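Chain IDs A, B, C and D follow the sequence of writing; residue 1 opens each chain.
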Amino acid sequence: MTTRYAMLFFVTKGRLEAFTDAVIAIVMTIMVLDLRPPAGQGFADLKPVVPKLLVYALSFTFLAIYWNNHHHLMHVVERIDGRVLWANMGLLFALSLTPAATAWWGVHPGDTAPVVVYGLVLLLSAIAYFLLVRALLALHPVGSPLALAIGSDRKGRVSAIAYVAGIVVALFEPWIAAGIYVGVAIAWLVPDRRIARIIEGGEAADS
Amino acid sequence: MTTRYAMLFFVTKGRLEAFTDAVIAIVMTIMVLDLRPPAGQGFADLKPVVPKLLVYALSFTFLAIYWNNHHHLMHVVERIDGRVLWANMGLLFALSLTPAATAWWGVHPGDTAPVVVYGLVLLLSAIAYFLLVRALLALHPVGSPLALAIGSDRKGRVSAIAYVAGIVVALFEPWIAAGIYVGVAIAWLVPDRRIARIIEGGEAADS
Amino acid sequence: MTTRYAMLFFVTKGRLEAFTDAVIAIVMTIMVLDLRPPAGQGFADLKPVVPKLLVYALSFTFLAIYWNNHHHLMHVVERIDGRVLWANMGLLFALSLTPAATAWWGVHPGDTAPVVVYGLVLLLSAIAYFLLVRALLALHPVGSPLALAIGSDRKGRVSAIAYVAGIVVALFEPWIAAGIYVGVAIAWLVPDRRIARIIEGGEAADS
Amino acid sequence: MTTRYAMLFFVTKGRLEAFTDAVIAIVMTIMVLDLRPPAGQGFADLKPVVPKLLVYALSFTFLAIYWNNHHHLMHVVERIDGRVLWANMGLLFALSLTPAATAWWGVHPGDTAPVVVYGLVLLLSAIAYFLLVRALLALHPVGSPLALAIGSDRKGRVSAIAYVAGIVVALFEPWIAAGIYVGVAIAWLVPDRRIARIIEGGEAADS
């Protein structure tokens, strides 16, 4: 790898990260535009805001998880190509649908359709992230830090299955589906130890 | 080129890229604010959201293409002046009209005027990008990587012609115009090989 | 600390700062979307905009204070871990509630509930910042620049008490609570001298 | 100036620039949210959009001018302190009022009050920029590149006078005031040659 290629790579990786950060930051933040202040001026008027706030907190958490995992993932990335750029755009598109799904669910917290649609957006985001990981794995050899860090991606697979289960369950019991989504979020709140482990291992246990 | 000038150049280029990224990221993302959740709470209420979602996906793709091409273009840029800064601002202005055009088309998917206006925004963006490229070519000698990378810019010219054709066709058959826009987007989904080729060629010293 | 670890640290710290900046910048700026132009076209129509503008100015100031303090804090940070990343996300979540609280108060400037809610958002943000500082202190030894810079965090503690006082007072006299919030903002307008002192002291080697 | 101080300075300057860029990018872009698509679906329905589009283009240009000048200004900055950070926040606050003024004027293009308010926002931004320049001059010696670059700041003073004139004239003839604002924008479209000259001079005429 020549110096010039390395510099181009770091520029590309840096700009990809910066762009991803900007989009995720905006997606996270514009959701707050749907936390409209109530028409009245009393505490009782806050009641319809409560479910919106809870759904917002859940969506904020999911987006924070994606930012966190994307950040850890990029640490061990050594190559990027056009397919990676587009897979990343696909992830950003999927994540950008979160505010609309959040807004709908927040207004109709106990209904089936919004909970199904919310689950579909979660599933779409998980698939997009999976495709981004595949695009990166295609560029990195089997023994690379990235390949080791990803491993069998069990957590990602289980999450996708949980989303599908949530979507199906939502057709009968929306509140149980909501519980499944919350459970997945909690499971991910711990940052991806696989990649952290590889990084620390690479440091020869000096951290 | 002295070291100090080089540093100033990299700072300017970096800040120009960062600013461009921020604006494109915001333009991409605020479009989602028009994906308003439906008034009702059933699946049938999603019907008017479908055309909005499709137009949003198309606009997201066009903006992603511009980000991608801008990114590849900047790789081979060696000089920047005031005219480049303003040409870039012109591009950002043109791209910033995308959400309004998207919102109008999404509500009236089969009508003439929104499809014409959408095509005009695409055409304006293409012209602005063309002017940015011209401003850059004026600063780079004939044999420079940038000049080689741009070449005759056939893809850019054909796209502009396609937009004009789409605008004219939309006066009679909006759906055919929509097909033309989608076709241009697909043609650009592949990143600009011309510039990628030059970069890679420069690495192997066989360009 | 190996070179590779140091590089990873600077990348993480840089990306954390950039992401924080993006979210704070968006939160600050989308508040202006609630400064809707009046329906009429005369000067008298501006009257309902005045309280909105004043509350916006106050919220802008609080967010600027957080940006400033976050910036000074990060100067002396030498380590970051997953807990810090999540504590930072918690701070961003708390700050992201500012626009909704601002919008409500701006429409009902003399009412109790909006002033209480505004104070709760201030308090939540202060608690989140406190938890971020704790997460950082857990990573830095007692004599580190960060630990010295934080010290007993008197200003932070007094502010939190003032917010609680403001919330309680607002139940009886909203305008006095507003005065308390403004007072805290003024007290913080001076950048955090503790950290600035440490930095400057480190320069002159007399700390 | 020790190496550590220099690094802190570059970090601060970089983060200040990045934050400023983010806010200006958002302010520029959220204005497009007021370019609401017309209710109807024909070309005639676009008529009320035209004045909005023109005012948006003017505001976009003013913000682009501020970005450009801020960028050139920061090139020659060698020191930053807390006062500079706050003066910069003041500038961002003033600029953030642009979308509201733009939205009001766009709906009532021929009325007095919106044109006066628009001029007041321009004047406020000019004053804030002036205060930022003063804060920077207080940190840089008389013969510094920054001091030489600013000089007597004639263009800035004349612009402020023009805004005052526009505000007064708007009380009688809004359209003439609009012409004055456009004139100032055109005068600034050329990037600040004073600073560019100093930079190029510092390069010993090798650019």
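In this text, a contact is a pair of C-beta atoms (placed from the backbone, for glycine too) under 8 Å apart; a residue touches a chain by one contact, two chains touch by 3 or more.
In this text, all values refer to a predicted model and were calculated from it rather than measured experimentally.
Taken together, subunit A and subunit C share no touching chain.
Per-chain CA centroids place subunit A at a distance of 36 Å from subunit D.
Inter-chain centre distance (subunit C to subunit D, centres taken as mean C-alpha positions): 26 Å.
Of all residues in subunit B, those that touch two or more other chains are 18, 22, 26, 30, 33.
Contacts between chains close into a ring here, every chain touching precisely two others. Those residues of subunit D that touch subunit C in the complex are listed here as 2, 4-5, 8, 11-12, 15, 18-19, 22-23, 26-27, 30, 33, 82, 85-86, 89, 92-93, 96-97, 99-101, 103-104, 107-108, 111-114, 116-117.
Contacts from subunit B toward subunit A in the complex involve residues 17-18, 21-22, 24-26, 28-30, 32-33, 35-38, 41-43, 45-46, 49, 57, 60, 64, 67-68, 71, 75, 189-191, 196, 199, 202-203.
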